[in-house]
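After this come two complexes, each holding chain A, first together with chain B and then together with chain C.
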Partner chain A sequence: MIGDFEYFAPKTVDEAIALLSKYKGEAKIIAGGQSMLVVMKRGLLTTEYLIDIKGIAALDYIKYDEGEGLRIGALTIHRAIEKSPIIQKHFRVLSEMEQNLATIQTRNWGTIGGNLCHGDPAGDPAPVLIALNAKLKLAGSGGERIIEVEEFSKDYLEVALEPDEMLTEIQVPTPLSHTGIACEKLMVMKGDMGVVGAAVSITLSPKDGVCKDARIVLSNCASVPLRARGAEKKLIGKVLNDSLLVEAGEVASTEASPPVDVHGSAEYRQEMVKVFVRRAATKALERAKAA
Partner chain B sequence: MKGELKELKLTVNGKPCELKVKANTLLVELLRNELKLTGTKVGCLDSACGACTVNIDGKAVRSCSVLALQANGRKVTTIEGVADGDKLHPIQEAMVEYGAIECGFCTPGMVMSAKALLEENPSPTREEVREAIQGNLCADEGYVKYIEAIEIAAEKMRGGQ
Partner chain C sequence: MEETFGNYSVIGKAMPRVDARAKVTGEAKYAADIELPGMLWGQIKRSPYAHARILNIDTSKAEELPGVKAVTTGKDFNGFKWGWSGPTRDEEPFATTKVRYQYEGVAAVAAISEDIAEEACDLIEVEYEPLPGVFDPFEAMKEGAPLVHDNRPGNICVEYHWTFGDVDKAFAESHLVREDIFQTPRMAKGYLETPAVVAYWPGPDRLVFQGAKGSPYFPYRILARCFNLPLSNVRVIQPFIGSDFGGTKNDMTHCDFAAPMLAKKTGRPVKLVYTQFDTLTTDLRRHPMWITIKTGVTKDGILKATYVKAIADGGAYTRMSPLTMFLTGTCMTLPYELPNFKFDAYNYFTNNPSSAAMRGHGLYHSRFAADVQLDMMAEELGLDPVEIRLRNAIENPEPGKVYETINGVHMATCGVKECIEKVAEATNWEEKRKTKKVEGHKSYGIGFSAATYNGGTKLSAHNACAAIVRVCEDGSINYLTGASDVGQGSDTVCCAIAAEVLGVGLEDIDIKRVDTAFTPVDPGSYGSRVTVLAGQAAMNAAEDAKRQLVEVAAQQFSVTPEEVEIKNRQVFVKSNPQRNMPWERLVRIACYETPGKVIIGRGYSTQGITILGLADLSKGVGDIGTNYSFTAQAAEVEVDVETGVVKCTDNSVIAHDCGFPLNPPAVETQVQGGSYHQGVSAALYEEFKMDQGQTLNPNLIDYMRPRAYEAPMTKVLHVVTNDPYGPFGAKEASEGSCCSAPPALINAIYDATGVWIKDLPAQPEKVFWALKAQKEKKQRKK
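Up next is the complex of A and B:
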């Protein structure tokens, strides 16, 4: 049913990279397979060589240090992020995002790294990580490099990985003080892929309450996670109130070019962008004020 | 080599198994076709319905969405491993007693999701019970009775009777 392949289960990152270099272009990585196996079962993807990295235990970790921020190994399962006390305390938005990502069964096996590398513009983690200004560590035969999450998605299901590279770590800096971050997505049922979604980060100046920085990122509104920069501009430099958040939603909606499918027309989704940007921004603003 | 049989060692329902499988075998295919453990059901084979839910190292996972080889070295529990001989597990007992089972097709998956929940969290809230079986589709819409049965089982398992 799934096309046949030669199978490898490397135990270390070096072994995995050696295999990727050896079979350049003809090999595919599988982590939890929660996205991969769906496309393979439909015959949309075949590979000569399958490199199963799920067993690389060294890439399964969550570490936090106030200065360095949060480090998540690429093979950390969604459920571990959702349930991590460190994340719930310092990066609550990541845990909240995970609570609405698929179902427990999928979160128990699928990995954060696999989600990002799948490159689905409807995925939930990337927009939140972009709002958090996160970076990714990639390892390849030439060594390691760091790339902004924002630069990672290139097109629908395409990411900036070279054939001999893999994702090893997600790096999330500690947010500036007086920052609030929240995400909201429109779901047909809880845990469904978002019809549209928004992640918003707002940083206030402690002396006058002016918005110093805003990051607004949309899911399922373009071929990649979309920064709504026009909407951000509406907020930066102002003392925020609800009508400004409404305006930001309206601008974001004009920046979006959402897909059309059974869950909604482009027009409907654009309307929903207004609603979900405003909701996420309202929550982010409350949190920034409380921070 | 493609098509080559690969060695797989895992524990299924407490029994160590050593087998040879083709790399493109799904865990659910291994369980049903090779090990003849047909209690695990296949609904959609597309990671949508949860009928094929088993426990891997105590966690609920969809066996249609895991390669058999990925279970290497792990402990897999299927519905056949839940009862103790003829004695039903409290979750199964409660489901029978309180009429949670309608057509029964989703039941093995429901039991496996409930078992993973109660092992991790013996006193779940109603919301946590709902969330635990959110990924198990019951086409009869029999959710309320499942939720009640899982709560009753939780109470029994905590020694409440």
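Up next is the complex of A and C:
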């Protein structure tokens, strides 16, 4: 059962930050609550003060500018990202990722910012955003700062937020030309947390088709979303073919240290990293070639 | 156009469910919705150990907590024990000396709020001496293994040894003999409504109990004995029951004892509601079973003999295990002819939560094993799966004849052949089977199976269902029954039967909730028994009321009663329908003309008991059912050969012989959503994972069940056999179709991949390693 707490529902970012500063370390932010209520109900998380930011209307937006890229307010619900024509057009992989994020009911209430701040290495958005080279805007009593999504996750369910800070915006740069990005995860049922997952970005040189850059990010393979840098090295600087993508999967598999639970052994997950890196990379390469 | 069956006014065609409006509008009140003035909240204190001696329970700190009104422990029940039957009473309301599974209840608290009750539970200090436990039957059977019950040597809970014919001789004469081991896992019932109850004492020796119980006359009897009350003073008022999903929400839980005891102590109503966590850690589960099956067939694939050795994990207490093991054995002689059969069953106590009945009870395990093995043998013989089934299927007996199996199971109708033929035709089986479909890393396959289930279950005692049809003076009707609709639609079907017999409309009949103070006693909702037996009671009660009214009409028309008919609310003389009057007028005359009658029709079921006697569980002889449903099914799967993920596609067809579909859409939805999806789920997804008695996935995220995305929509074909022992020819609907899904899917996976998954469920990792091993084997051969 959820323990008692004092409840606040600020209407602006400033009000929320004021509350965070006042109850430094004693308060927790709740947004959509789709992950947080689960851990609270299981008694894994208790808090004295609960700050419900779902009512901060100013943090619910999707903005796009070719130069600046995509900006998503932290309180934008998953379903809005999934269905956004702008995102479907320019950042298709984000929409595809959202299609398999939990159930429609959850997507209709859960927020992108809430998902990132929960810090679950099995979460779907972070690996895709890291592949997209995205940044986060954090607001605190000392002002705003920008951080790479890759730097945000610190440990299992732990993120780089100061006690008086909150996430306000996700910033996704427009990908370089000739870039393809794709994500794949192992689901037994649609919308499951990935048993393992992979997001891959491949940028090709338009002249010779050589892989200029590759970013490979794994979900549920470590305590944080994991950059498979060894696997990336396998690809960068080469003209890509199927066997290189298979090799990248094999290298990524050695970099992963996945958990063991009722959904699979570590050995099985390592085998699956091979499959899903290869599948995501194959799709990313196709897209890069088509771009 | 909806399909209709038979030439009837009410039944045999689509009808709205009588409870639909109340459920959709929220008017229907479930146990957890009940609020009473002065009501207290109860909470259960549970053991963290799976096996431990209780040295001391100190409740003093809990009692001192402000807001706590009463605390109870097992000692308050003065040694009372209960069980499924007299000889198996081995369970206390709360453990007093020893806990036998994790989270077994040891005490309970009533307080002014849920929070205080929970806090008080934390203040109860229980001193345990942890004991080594046994966590599967193979540990339990070891010599010197810790005993779950000190008085049950070897941890044996149930043991049966039956022999019919001569299996050894038949094996020696067989062209092909095969032995395989199959495994079925422990599964959750998965009902949405968790156990919930409100109890109070209107007088010092009068108990009122409103609980989420599928069979209200179970707690009626058990609580009378527990609190030493005459049955007349135990009033069980049945709220609406949340979908049961074949979970048989009958047996007592800790809350069902805690609420009455705490209410007695405090003099106030006490309510307890389980969470899904409580349910998924402590409620009854389907038995995990290990089935060794040896079968002999002729060159032509004709079954000669089967030997089955079934080993089951019964869990901490006996519960329904004697019946489970009987059902696991008895069904081996149908739906195929089997001349020789031997069965050895061993059910062991373990320190896991107790196992018990679940949709497809017992048959589910052994029919899975037999129907997969049949495909294996068909392949060895070069026979098509449909062909081998048709060659062995029991023929539908001639009208008036009864087929008897070697173990004394009787059936007057058997539509299995027709089911098999219909499914083969609808799926274009031969064509479909020949085309091997591989698309990238996806491989497709189709599998076949046939199954059966007993309907109108009759156990050794209190078999009859009863009904009262009260015709009000304005022509409307109150229908009183002791039978409970737990979601299967029996209220609608019983009302429809009564309406059909009386010649009125379904809307004229108002069904009352069960209230043991007013409604007739009833065995309960289990064993697919309600439509067959409560349906017969409805028929008999309606006929009794009709007879009384027809007598009045005969006087009015100056004809004999035989000449009077009632149809569509019109009463008329059969030979001259011009002489008629409306139903309302007849009722009015009957009630108002001197001396004025009170029309009450009474009836009870007799079929189950009188036709063929009762089954002998220990010898394995005889009928547990009144009649038997049959099913055939073809299912298509899509296997991701790189990951092992299996999906069941929409290309699936079931043909179901439920005798006669009284309410065809109810039969179809019951078959689809109720049992087919549950069967697919059993084949592909569901399993409680355990570690030393601890349930590792006690939530509906980690314990996987298909959602709408994964639930394929199967086509349901009706096979009508008009069983003479069912009301209007009806048999059970849907338990059989729960049993046919797992073998069909496993056979389909083999068709797609060439890999046999013999232990359910076919979860991805299991399939993946099996595929990998197959690949490595092939490579070695090269």
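As a working rule, the second predicted complex is superposed on the first by the 291 of 291 C-alpha atoms of A that agree within 3 Å, B and C clash if a C-alpha of one lies under 4 Å from a C-alpha of the other, contacts with A are read in each partner's own complex, and residues count from 1 in each chain.
The criterion applied here is as follows: contacts are C-beta pairs under 8 Å (C-beta built on N, C-alpha and C of every residue); 3 or more make two chains touch, one makes a residue touch a chain.
Note that the structure is predicted; figures quoted are calculated from it, not measured.
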item: Chain B versus chain C as contact partner of A:Lys190, first or second or both or neither; value: both
item: Most chain A residues touched (candidates chain B, chain C); value: B
item: Partner chain(s) touched by A:Tyr61 [first = chain B, second = chain C, both, neither]; value: neither
item: Partner chain in contact with A:Tyr268 - chain B first, chain C second, else both or neither; value: second
item: Which superposed partner A:Thr106 touches (first chain B, second chain C, both, neither); value: first
item: Which of chain B and chain C A:Gln34 touches, first, second, both or neither; value: first
item: Intersection of chain A interface sets (partners chain B, chain C); value: 1, 4, 38, 103, 190-191
item: Partner chain A, residues of chain C touching it in the complex; value: 114-115, 118, 642-643, 645, 685, 689, 696-697, 701-702, 704, 706-707, 709-710, 763-765, 768-769, 772
item: Of chain A, residues touching chain B in the complex; value: 1-7, 9, 30, 33-34, 37-38, 41, 48, 50, 52, 54-55, 79, 102-106, 108-109, 190-191
item: Contacting residues of chain B [partner chain A, same complex]; value: 1-4, 6, 22-24, 26, 45-47, 50, 53, 56, 59-62, 65-67, 69-70, 72-73, 113, 116, 131-132, 134-135
item: Contacting residues of chain A [partner chain C, same complex]; value: 1, 4, 38, 103, 186-193, 195, 261-265, 268, 271-272, 275
